[in-house]
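For reference, chains read A, B, C and D in written order, and residue numbers begin at 1 within each chain.
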Amino acid sequence: MRPIPIPEDRHFRPRLIGYDPQKSRPWLERTVYAAYVFVFWLIVIATYAGVPALFGALGWDGGWGFVLMRVLQVVLLFLLSAVIALLLILVLRKYLGKVQERFGPMHYGPAGGIQTVFDALKLLAKEDFVPAAADALTFRLAPAVTFVASFAMFAVIPFASGWVLADTNVGLIYLIAVSTLSAYGVLLGGVSSGNKWALIGALRAGAQMVSYEIPLALVFLTVAVWSGTLRLGGIVDAQLGLWNFLPLALPFVLYVIASLAELKHIPFDFPEAESELIAGYNVEYSGMSFAFFFLAEFVELFLLPALIVVFFFGGWHGPLFGIEPGSLAAGALESLYFTLKTAVWVWIFLWIRATLPRYRDDQLMEFAWKAMIPLALFGLVLAAYMRLIWR
Amino acid sequence: MVTLGHFLLLSGLLMAVGLYGVLTRRNLIAVLMSVEILLNAAALAFASVAAFRDPHLFAGQVFALFVIVVAAAELSIGFAILLNVYRTHGAVTDDAISEMRG
Amino acid sequence: MSLLQEVWQAVKAIGTGMATVHKRVYEEAPTEFYPYVKPELPPVSVQSLALVENEDGSERCIVCLQCERACPAQVITIERHRNPEGKGFLIDRFDIDLVNCMYCAACVEACPVSSIVTIQDFEMSTYDLQTLKADIDFLHEQARRARQWYSPKFGVELRTDDGRIEKAPPEMQPGGLAEILKPAEEVDS
Amino acid sequence: MSLTAFYALAAFALVFAIFAVTTANMVRAAFSLAITFFLIAGLYLLLGSPALAAIQFMVNASAIPIMTLFIIMMTQSRSSAGPRTWQIAAGLLAAAAALVFFKGAVGHGDGQITPVSPETLGVNLLQAALLLFEVASVLLLLAMVGAIVLARRRAG
């Protein structure tokens, strides 16, 4: 008689930390999120206060030393974007799970808190192949272009007063330019994949992003007209008395809608509509290349809400409790305010994603050209008129 | 020390590349792309002369802006025409639209 | 309907939807934590098959081949030889191909001595299909591991902690059919 | 340092421009065209004109190559046929002529770069060059209307 092995425990059972099988513990989840935000905050402080202080102490703040400092800051920002992606993917999965009567990831780390780290490791370990029908060079380049286009926006985002890489006086124009750029990677990735779904997804993405660029740029101009400057720090400073979302209510609403479309976020997620296009432009990607597309998407999911905060919700402004402005403590506190305001907006974006269904493609374009652009123009004229009267 | 000569020479080289492209490309989209290089070379020449020799008015920079505008307009019209060519002839090469030659 | 009314309705619909979604977040999910918490299965539940031995360890199966004939999927293979010392037959081979079995329990219905029973062990997932070509040892082992099984003749039976087989109380019997099952008890004794 | 930056930007701009006009793969051509225009935007930064650089970035380096990629997809011309021999000859000749025309630029002047702020450029655009500005807007409007009329699918 053949002996049959009967394992005592036939199932692979990963450990459950923080989940009583009978009930969930929301406080543990929130602690995990807070820990991620805390790491984020520390990296921000290190990037914008620590590194310049270090180089100033070493006396390397001129010439190539300055270049080295900027390089170090950019490396730290890359780390920051990795933290953002890890946190946002986790929050997205947990939140959507709750909405859909599930728990989301809960097996690895406290309350599933390091699930996304393992996911990232899995993506790193996967084979990164190029399909036979693809144009190999462009196919390889596309994820990098997408990521760089999103990442480049960090250059002008002010985390606190003076905490910005390039406090340029063409900041807004730079933002418009860079946000146009992110259509590149998507278009190149889809076109070079040699896959019809990817091609359709890329064409949809291109058309959608180019269309929604226009209201987005018009809202940028409205904010510039209202604040009287193209510098992002200047825009935040101009909101000291009154946050912009009150006088600029119409452009604010338009900005939220347009940035949803720019993010390729539900209800505007045509480029990667799973039910129609499998995954759209990134269907042929795997491994590291796919990870870069993913990273870019979630960095943008942080950056566009951050821009909402900069433009309409007073950026880093908040009560300072008597701390002298300009000091390290004040900068840290201001960047914390900025982070928390941004977190609220990210949450609202996720909430929208959990609620709304997808639009139809022709309705999307019609909405952009027939509603968004006229309204944005109207808002621009209105803002200019109010500015003439009031200031 | 960067001088005006550097920029003008670069502009000339880009102009040469653009001309070569206009004359050798057989796909009409590629021809339009070469024209873009030509226009950019011209804009670069304008902007550099303005930056080096016109410290008050910067008329050259304004003109460079105008060149960019013209480039955008030219390209949109050109692509619209090419789309029509594609609809009637099925391709956008120079062979496709040489039927007038008989 | 005017444009403004339409816009207002759209905004109201979106607001209602988002409020509903937000309320849902704070409610408990009805998720079952399966590998950690075993599900409550009904007493009669055809998850797998087992071959019950008597309490003294002797074979309950009389090798009558009723189950092999009853099986619609023909997954039961039995070989036997005549008992040289007494009456009846001895088992050479009793195999059930659990891969192709469709768990109709026709064999359980056919068994005159209620040797082959249905058990509640549903965790049959494996990396090797060969382990599901159950032979007699496997089927006995399954029966020894099971705490509870069912056959139409004896109803639901339980295995106590010291290994004895007992009849389940009437409330655990299917439909509470304690009276119908009485003649079966007489056959057993 | 500015000389190093100039040589780096100029060399790569030329390389990518040459690649754009010679490669048979149209998608790659459009992409290298975009890179050329990025590098030219960098040259505008060297010229002390961030506004011009940003606009170059926005229009020439982003919008136009994306439109080109679109039209490449729509007309299904992913690859371009190679040039004829006489075309190469004519092209080289024209390029040489252009270079002869520009040879006077070599060693031309050693002037100082005057940076121009966006405000100065804007004020100039709306005061000294107001007519040009208006003409440009009319031109853009005409181009938009013309493109729509030309590209519209006709009934039947």
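Definition applied: a contact is a pair of C-beta atoms (placed from the backbone, for glycine too) under 8 Å apart; a residue touches a chain by one contact, two chains touch by 3 or more.
Note that the structure is a prediction, hence the values are computed from the model and not measured.
Counting contacting C-beta pairs between every two chains, the top pair is B-D. For this pair, chain A with chain B, the centres built from the Cα atoms lie 36 Å apart.
A straight line joining the Cα centres of chain C and chain D is 75 Å long.
Inter-chain centre distance (chain A to chain C, centres taken as mean C-alpha positions): 51 Å. Counting partner chains per residue, chain D has residues 55, 63 touching two or more of them.
All chain pairs in contact, by the document's touch criterion: A-C, A-D, B-D.
Of all residues in chain D, only 1, 25, 27-28, 31, 34, 50-51, 53-55, 57-58, 61-63, 65-66, 69-70, 73, 117-118 touch chain A in the complex they form. Here chain B touches chain D in the complex through residues 1-27, 29-30, 32-34, 36-37, 40, 43-44, 47-48, 50-55, 57-59, 61-66, 68-77, 79-84, 86, 91-93, going by the rule given at the top.
Listed in rising order, the residues of chain D touching chain B in the complex are 2-3, 6, 10, 13-14, 17-18, 20-22, 26, 29-30, 33, 36-37, 40, 43-44, 46-49, 52, 55-56, 59-60, 63-64, 67-68, 71-72, 74-75, 77, 80-84, 87-88, 90-92, 94-99, 101-103, 105-116, 120-121, 124-125, 128-129, 132, 136, 139-140, 142-144, 146-148, 150-151.
Chain contact summary for the complex, chain C toward chain A: residues 14, 17-18, 20-22, 24-25, 28-31, 33, 35-37, 123, 125-126, 131, 134-138, 141, 145.
Across the complex, chain A meets chain D through its residues 63, 135, 137-138, 141, 168-170, 173-174, 176-178, 180-181, 183-184, 187-188, 191-192, 199, 203, 206-207, 210, 230.
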